[in-house]
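Same chain, two partners: subunit A is paired with subunit B first, then with subunit C.
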Partner chain A sequence: MSFADVLAILSGALTTIWMSAAGIAIGMPIGLGLALIRWARVPIAGPLVITYVSLLRATPLVTLVLLVFFAMPQLGVTLEPIQAGLLSLVLNTSAFNCEVWRASLLSFPKDQMEAAKSVGMGRVLRFRRIVLPQVVRASLPGLVNEMSLLVKTTPVLAVVGVVEVTRAAVRIGAETYEPLPPFFVALAVYLPIVFVLVSTQRRLERRMARSTAP
Partner chain B sequence: MNGFAIVWSERALMLSGLANTVVLSLLGTLASLLLGALLTPVLVSRRRAPAFVALRFVDLMRCTPFLLLAYIVYYGLPSIGLRFDNWGAGLFALVLYNSAYMAEILRGAWMAQPREPIEAGLAFGYSGLRLFRRIVLPPLLLAAGPVIGNQTIQIIKDSAFLTIIALPELTHAASSIQSRRYIPFAAFIVAVFLYWGLCLLVEAAVAFGKRLAEARQ
Partner chain C sequence: MSRPIHWLARRTLLAALPLLALAAAHSSAGAATLEEIKKRGYLVVATEDDFRPFEFVKDGKPTGFDNEMVEVLKKSAPFEIRQQILPWTGILAGVATGKYDVAITAAIITKERVQSLDFTSPIADATHYYVKRKADASIKGIKDLSGKTIGVQAGSALLGRLPELKSMIEKTGGQMGKVVEYTSYPEAYQDLALGRTDIVVNTIINLQALVSEKPGVFELGQPVSGKSYPAWAVAKGNADLLKFLNEFIAKEKASGTMPALQKKWFGQTWDLPVSFTPEF
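This part shows the complex of A and B:
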């Protein structure tokens, strides 16, 4: 394995990182939107969200990305591998994020809503100033957990031809007939990224346990 | 011909893929639950060295993408003389990976268990493996049931990744139908709905177990 090969894996790492970041940045607010639709019990849309979340949570990302990449052209939309990959990540993570947001919305104390109403706050103001800041804080550990899961599923995008870390490593292994060294370089790329997310989640959980302790 | 009619005409392949997914997930869940249960006492052990090694193993697996692990087992290990066929590699990777998660799940449930039954068990002369099997493990499994169910769903979804090492499971069957008959939408949407069905079954089983546990109390 040459220096150029290591560079090829690192350029794959850039793809992995920006696609994960984009998937998280787009999927998180969509998840919040879906959770709000359920929370507000919007007719028709509410049950649709329930079905969407249940279905997407049960779908393996590899099956989803194959479906998106190969079936969208049948509907007249041709997608590049990167676009199909990103769309699948967003579909997948928004369903999981919806569950995290919904759990903290459900555990939001009712008396605070009543208090906000009693001082004359409107719906939007109440949500923006009272609900959102606290719900964001309560959701953080779950959201960070979902981020680490997302990073760990990105190698799947290689099946439609996205050249990220794992695919770059497989290609080098096939060329040099020595698959282990490039795989270990790939592993060395993932470990610190996921480790930072996992330990952030642990720290957040500990901090929350302390702040809710009597 | 309509895409779904073509999938229907290939139902034998689709069903054998589904059966393989079920076998993989079932074996994967049972084996990793067993190994996880063996690993849990090491994780909470007061002996520093084994607990440290077990913790590092769990952390390593939690930070590794499953697909990369499957690649390492299938393509990487033969270069150091460990050769698996695709079933062996798939199952080995699935069990190695998920036993770490199962151990972590059981450890979490263990920490939340009350000390009294264990003290009582000790007082009645239970010790070692017998104490673990008869006193510690049963309430642990009941308490951890829903999380173990979630992990089973994760294992079903992980098993789809094994299509990359040509294991003939459900996603592989759908891929093969779509590549020969050019019906991507029908082939993959049928696979998605079959996965959904499997996951709903697991959720129903967890709900049933929960009712059983409540009835026992």
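This part shows the complex of A and C:
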């Protein structure tokens, strides 16, 4: 394994990081939106969200990305590998995020809502000041769990030609006939990425605990 | 060459995605004709990234026999060449749906594949051989293969022709051992080196590349199949594009460019047929 090979894996790491970050940044708010639609029992949209979430939770990411990449052109939409990969990540993670958000929304105590209503808070204010801060805190472990899963599913995108950490490592192994060293380097790249996610979670939790302390 | 996962990928696609099945059913509807390619000004070529010595990536740059042929094609083609690099899994599905115009990779011509794809003139000889650990003194010829574990790529053309090896072993009075299928060859070689499998079957070209890179670990065995050729693939019925590519291959064969590249990447040249009808 040469220095250029390590650089190739690091450039794959950049792809992994930015695609994961973009997938999370787009997918998480969409997940919240979907969860709210279900939580508020919006007519028509509610059942649609149920269908969307069930379908996407049942679709393996590799199938989804192949479908997006090869079937969309049939509908007249041509996507580059990166675009198809990102779209699939967002579709996939938004469905799982929706369920995380929804679980916290469902367990939100009703008496607090009634208390807020009784002091004359409107719907939006109630959501922003009472529900959201607590739901964010309750969802955080589940969300971070889903984020780290997303980082680790990115190798699947290689199937349409996205070169992330694992594919870069596979290429090197195929060239040198020594597949193990590049995989160790790849592993060493994933560890800090997931570590950053988990330590951010801890820091956020600590801060939130402080801010709500009496 | 072990074009393995291709039908597997296609099957996954078709099974899981009725929409795509529909699209693939009238597949040539998606594939661009030579005239359409000339009109829009570019040809979309798909190549692989982990199939040394045909196509692989060295220091971040695509290289190997097929990639050099693409470079030659770029110089003479009356249109731009746009190249997409992706794993084998998606390549033939992409050609069948028209996402790519041609797979410039070493797809072994098989009976099953010619039903959904058209193949150009062969680009190499891909007779199947076995490779063994150099240190393994128990294997000296076909007759010693009785009961040995055989590694091969899943869904590959090589897997489909193992019955040939089986009858060769049985002729010597032995019995074919367990067959282990791998998703890709680098893993099979790794297992062979580790002793979890006794021989790995692949084409002579791939195995010569392996043995010359790791002469201390592996040793080439004997042929275990009849004739077998890899070629480039276009969508079924895309006759004009096929003719264009065959003319390109014939021209580069005559000019000496293609034999020189074969010599460079495969260590030898062959007298290859212009077309090949597979028996398997």
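We take it that the second predicted complex is superposed on the first by the 194 of 214 C-alpha atoms of A that agree within 3 Å, B and C clash if a C-alpha of one lies under 4 Å from a C-alpha of the other, contacts with A are read in each partner's own complex, and residues count from 1 in each chain.
Quick note on the criterion: a residue touches a chain if its C-beta (ideal position, glycine included) is under 8 Å from a C-beta of that chain, and two chains touch if they have at least 3 such contacts.
If you're wondering where the values come from, they're calculated on a predicted model, not measured in any experiment.
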Do subunit B and subunit C fit side by side on subunit A after the overlay, or clash?
clash
Based on the superposed arrangement, let me know which partner A:Ser11 touches: subunit B (first), subunit C (second), both, or neither?
second
Of the two partner chains, subunit B (first) and subunit C (second), which one does A:Ile26 touch, if any: first, second, both, or neither?
neither
Once the shared chain is lined up, is A:Leu66 touching subunit B (first), subunit C (second), both, or neither of them?
both
By the touch definition at the top of the document, which applies to A:Val156: first (subunit B), second (subunit C), both, or neither?
first
Check the residue A:Met113 against both partner chains and state whether it touches subunit B (first), subunit C (second), both, or neither.
neither
Return first, second, both or neither, reflecting whether A:Gly173 touches subunit B, subunit C, both chains, or no partner chain.
both
I'd like to know which partner A:Gln74 touches here: subunit B for first, subunit C for second, both or neither.
both
Examine A:Ser2 and indicate which partner it touches, taking first as subunit B and second as subunit C; both and neither are also allowed.
second
Give the one stretch of subunit C, out of 98-106, 188-196, 242-250 or 260-268, that collides with subunit B after superposing.
188-196
Contacts of subunit A common to subunit B and subunit C in the A-superposed view 59, 62-63, 66-67, 70-71, 74, 158-159, 170, 173, 179-180
Residues of subunit A that touch subunit C when the two form their complex:
2, 4-5, 7-8, 11, 59, 62-63, 66-67, 69-71, 73-74, 81, 158-161, 163, 167, 170-177, 179-180
Residues of subunit A that touch subunit B when the two form their complex:
54-55, 57-64, 66-67, 70-71, 74-75, 148, 151-156, 158-159, 166, 169-170, 173, 178-180, 183, 186-187, 190-191, 194-195, 198
Subunit B to subunit A touching residues, read off their complex:
59-60, 62-68, 71-72, 75-76, 79-80, 153, 156-161, 163-164, 170-171, 174-175, 178, 184-185, 188-189, 191-192, 195-196, 198-200
If we count contacts the way the header does, which residues on subunit C are in touch with subunit A in the complex?
9, 12-13, 16-17, 19-20, 23, 30, 49-52, 56-60, 84-87, 89-90, 93-94, 97-99, 184, 186-187, 189-190, 210, 213-214
